[in-house]
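Paired with subunit B in one complex and with subunit C in the other, subunit A is shared by the two complexes that follow.
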Partner chain A sequence: MYKAIFYKEWLKIRWALMIFLLLGVFALVNIFLNVRYGVRFMDAHDYWYRIIIQGSNYAASLKYIPLFAGLGLAIAQYFPEVLNQRIKLTFHLPIRENKVLLMQQGFGLAALIVLFLIYLAVFFIGSAIFFPSEVINMILVTIMPWFLGGLAAYSLVGLIMLEPLWLYRVLYAVIAYGFVSRFYIQAVPMAYSNMLWFFSLTAVLTVILVLFSGYRFRKGEMHHG
Partner chain B sequence: MVKLSRYILVAIGILSAAVTIPSLYWTIFREASSVPNVVYSRVLDDFMMIKRVDGVLVRADSEGNQYTRDEFEQLLPVLFFRQRLTSGDMPDTLHGVYMDHAMLSKHSANFTIRPVDMSQPRPVLWPLLESESGRVDLELPEDFFRLHDRIEFIDAATNKVDKEKSALFQQALEEGGFSFPARLIAGLPTDRKNVDDGYFIKDNRGDIYHLKMVRGAPYVARIDIPEDMDVIHIECVDLATREFFAYLFTDDNRVFLLMQDDYRLQELPVEGYDRSLHRLRVRTDLLHKTIGVIGEDQVKVFVVCNDYDLVDTFHKSWEPPHQRRDHILFSWIFPFQVSFLNPDSRYITLDVYQPKGIAFMLLHIVLGGVALVLSKWRQLPLKHQLPDLLIILFTGIFGFIATQVFPNKFYE
Partner chain C sequence: MYAIECNNLTHYYGKKLVYENLNFKVEEGKILGLLGKNGAGKSTTINIMNGFLHPYAGECLIYGEDSKHLTPATKEKIGFLIEGHVQYAFMNVHQIEKFYSGCYKRWNSEPYWELLSKLQVTPNQKISRMSCGQRSQVALGLILAQDPQLLVLDDFSMGLDPGYRRLFIDYLREYAKANNKTVFVTSHIIQDMERLIDDLLIMDYNRILAQQPVDEFMTKFRQYNIILDNPDIPFPKNGLSVNVEQIRAKVSFYTYAERKEVEGYLNREGIPFKSIEEINMNLEDAFIGLTGKY
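After this line comes the complex of A and B, so read on.
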């Protein structure tokens, strides 16, 4: 039974996952081709100076890719469920409804985390060719909130899509926007360094939010909300 | 678990509301406050100031006599020397000091440091320029150095450590008694300055060292500072007069100049200065130095002559921000404000601002009452609404919005 549930989730997200894998790797390859160009054809030390002293982030073009990956995966996973209220069928399986929802959410999240780890691996391999550990660490701290924001966005889109009432969907979306945008504040490199714990914690806490909408869905808010 | 998920949502709602709504409030209701720009006139031997009153610039002396722009500038010839020279009414001497354009220009410098300048990420590596290349222009080096357990120069083109150069500088630092790792590195990492003075580095023991590269060789000097002095920030300057290298800020909010000729420390009068609250402005000219400690509700100005004897002081304070109308209205509506962006830091912080007093409690009680009526109307049992009411009582308008957007219906 569990295997079947995971397989169904895999069928739903595999294309989205492939697209974002290709998109992210393509963006990173592009980033390091640009770095290579900068180091080889401009003066290498000028290029370093721009990053280290003037605070330019060579991985800046990666910024919204984790966010879109989170949004894309959540839509791929929950849109088919919401369409014609198919999730009701899932809720008729002989498993506790919360458990099914958490399994779905957990599977999607695990897939997203694997995707992000692949991004980060490519980032590390590329960075290590051109930069010392201090610079890699500086940029890593800078891009980390973008990945955490992708995780939070994934969870919140699940919450919004499973919510049965449109009014509440809009209200959730407003609050979700206000919340997720805090992960993408325009700031100097390493600006988040003292707050990574806070953003990690809040991103983790959002994982179980889907239960709230699932609850409202089961209670049939749609009919007598 | 489902209930917990709701409280997480309510918390996110409160956080989002506490960030956005007060920020919207300030955009609409913020009242402009004007801090006077205080300067010292050697013609009057008194302080003068420019202040914006109801949108109009007012120029006055410390007695409150007002001046036109020309009159004002004529009383401050050293400060406005370019305009006075052009207008043709620049005195040749003042207090026996001969003044010409070259001298005035060379000696005039401004330095400002705000709380935000001390709270920002520092560079992770540093370029060490050649300070006596014999060339007219300074040039950035091909490598950057790190200074943790040892000093290492990393070549940018190859991303490899230059072992030979690193060993040379490592040895020089060890011979100088430097205790690794560095706890603070300060300098001017740019080629757009008059001369290069390398870096001033606080070592692991708290001693300050001067490191530069002279014709490819390391120059290391230990700077004598008092045993109990804890330097927490160094701001280097590039003065045409070559009088001092840097401003040193200590843990107990004292400010020193690090003089160029003998590495002597010269303390500046900055009584009452708090680096986390105040802007420090030092205006240097041919005749004296004017040191301003500028806060939200006060300005203190100290004037010293060229040998740093105190000439005069000025102090003016006005109503603190929390007594202004915009702050009072705020205190009736919002229990607190959360900001991730703080004007006093370039770091993202979780900054919680609380207004003075508890005027907001009135609104909290009203909102609690409204929530109670709403739950009665929805026929929800009262005892299950208690946590929500407590949330509203403590977080007011934010909690009210969050609990209404994510309603509590687990007990229907």
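After this line comes the complex of A and C, so read on.
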């Protein structure tokens, strides 16, 4: 059963995953081409000064890519389920409804985490060419909330899309916007260093919210509007 | 134990009553057709039966289990065809077979490929790019391969041309009877349903109009065409009458009564008539006679 569910999820997200893999890697390569240009062809001393003293973030253009990846993957996964209420097919499978939702959500999150790990690997390799570990760590702490925001956005799209009533969807979307935008306020290095645990915790907690929309769907809330 | 047992099912949408105290049972091995016009409550019943809607009151038991909380073991016994033959349209015929074969223990792909061999589809053609008729065969093939004990088919005839409808019905009937399957089917297209169902349940807004074996219904429910002497006399809509349609002197009178009873009734009510003729009806005629044209 696990294999079958994961196979279905893979069929839904594989193209979105490829697109965001290419997009992210392209953005990172572009970032390091700019760094290389700054270090080699402009004044290297001035470039370092801007990063270390003035707090310029060389990875700033990466900011919204994890968010778009989270949104894109969730839409690729949940849009085919809500179109024509196909989620009924999924709920009708011989498996507990909450379990199948968590399996779907878990697969999507795992795929997203793998994608983000690839981004981070490329980020590390590129950064190691130009910067010492202190700078890399500093930038890593700075960009980490962007990735956590991508994970939270992924989970919240599931909650919104599976919700049977449009009014609730809009309400959730407004709340989700307010919540996720907290992850993207600052690009200044280390701005979130004391809050990282909070971001991590809240991002993880959003994962199970999809169960609530699933419950409302099975209760038939869409018929009561 | 019954395959399906709905007791005192009551449901509202907001303040609008769908039905009150609906009771019906489906014996194992029977094919029951739930027939009704659009909006009569067929899909509501299907949604309740499959756990996609909690009824306002009452209960629906599937193999003795409350449909609000069906266990995986019971869900495995039910093949569910969603209205419009909805399936995972982003898959092709091979991918969808591979997916479902991993979900069901009793999976037997033979009937699926047999049905698909009749279609002009390429192996990599996505379901989203198929015609409605082709999709219906894919959806039916998947249910047959699942080998469920109970097949729940919601408005399977929707969008099907006569050829596909006939193919679907004939294949389904043959399969169900050969394997002692229980079938619960809803439809608002009554044509061809006589070929499929054993028992019928005809619903109108808020109520059940008929609930009996098809043969019994077709024998007992009758239409008489009556030509009145005086077209200005309104025909009574009480007593033996189930439904009356009057166009001037010509009256179509629908009833469970025999001819002699009808004649006696007309005499007692003081309605002079020129002639009375019993009309042979098929199930569609009888359905319209019972539910009315509007």
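Please note the rule applied: the second predicted complex is superposed on the first by the 223 of 225 C-alpha atoms of A that agree within 3 Å, B and C clash if a C-alpha of one lies under 4 Å from a C-alpha of the other, contacts with A are read in each partner's own complex, and residues count from 1 in each chain.
Note that in this section a contact is a pair of C-beta atoms (placed from the backbone, for glycine too) under 8 Å apart; a residue touches a chain by one contact, two chains touch by 3 or more.
None of the values given here were measured: they were computed from a predicted structure.
Novice: With everything superposed onto subunit A, say whether subunit B and subunit C fit together or clash.
Specialist: fit
Novice: Among the partners subunit B and subunit C, which is in contact with a greater number of residues of subunit A?
Specialist: When the residues of subunit A touched by each partner are counted, B comes out ahead.
Novice: For A:N57 in the superposed arrangement: first (subunit B), second (subunit C), both or neither?
Specialist: Neither: A:N57 stays clear of subunit B and subunit C.
Novice: Which holds for A:K219: it touches subunit B only (first), subunit C only (second), both, or neither?
Specialist: A:K219 sits against subunit B and subunit C alike.
Novice: Once both structures sit on chain A, report the angle subunit B, subunit A, subunit C from C-alpha centres, rounded to the nearest 10 degrees.
Specialist: Angle at the centre of subunit A: 140 degrees.
Novice: With both complexes overlaid on chain A, does A:R182 touch subunit B (first), subunit C (second), both or neither?
Specialist: first
Novice: Using the touch definition from the top, say if A:L205 reaches subunit B (first), subunit C (second), both or neither.
Specialist: The answer is first: A:L205 touches subunit B but not subunit C.
Novice: In the overlay, answer first, second, both or neither for which of subunit B and subunit C A:I95 touches.
Specialist: After superposition on chain A, A:I95 lies in contact with subunit C alone.
Novice: After lining up the shared chain so the two structures overlap, which partner does A:A44 touch, if you call subunit B first and subunit C second: first, second, both or neither?
Specialist: first
Novice: Once the two structures sit on chain A together, report how near the CA atoms of subunit B get to those of subunit C, whole Å.
Specialist: Checking C-alpha atoms only, subunit B sits 9 Å from subunit C at its nearest point.
Novice: Do subunit B and subunit C land on any of the same subunit A residues, and which?
Specialist: Common to the two interfaces on subunit A: residues 219.
Novice: Could you pull out which subunit A residues touch subunit B in their complex?
Specialist: Interface residues on the subunit A side: 39, 43-49, 52-53, 55, 98, 129-132, 134-135, 137-138, 159, 168, 171-172, 175, 178-179, 182, 185, 187-195, 198, 202, 205-206, 208-212, 214-216, 219.
Novice: Once bound in the complex, which stretches of subunit B touch subunit A?
Specialist: Subunit B residues touching subunit A: 1-2, 4-6, 8-9, 12-13, 15-17, 19-20, 120-121, 123-125, 127, 140-144, 146, 154-157, 159, 189-190, 340-341, 346-350, 405-406, 409-410, 412.
Novice: If you look only at subunit C, which of its residues touch subunit A in the complex?
Specialist: Of all residues in subunit C, those touching subunit A are 13-14, 44, 47, 50-54, 72-73, 75-76, 78, 80, 82, 84, 86-91, 95, 98-104.
Novice: What residues on subunit A touch subunit C, complex-wise?
Specialist: 1, 3-4, 7-8, 11-12, 80, 84-86, 88-89, 91-96, 217-220, 223-224
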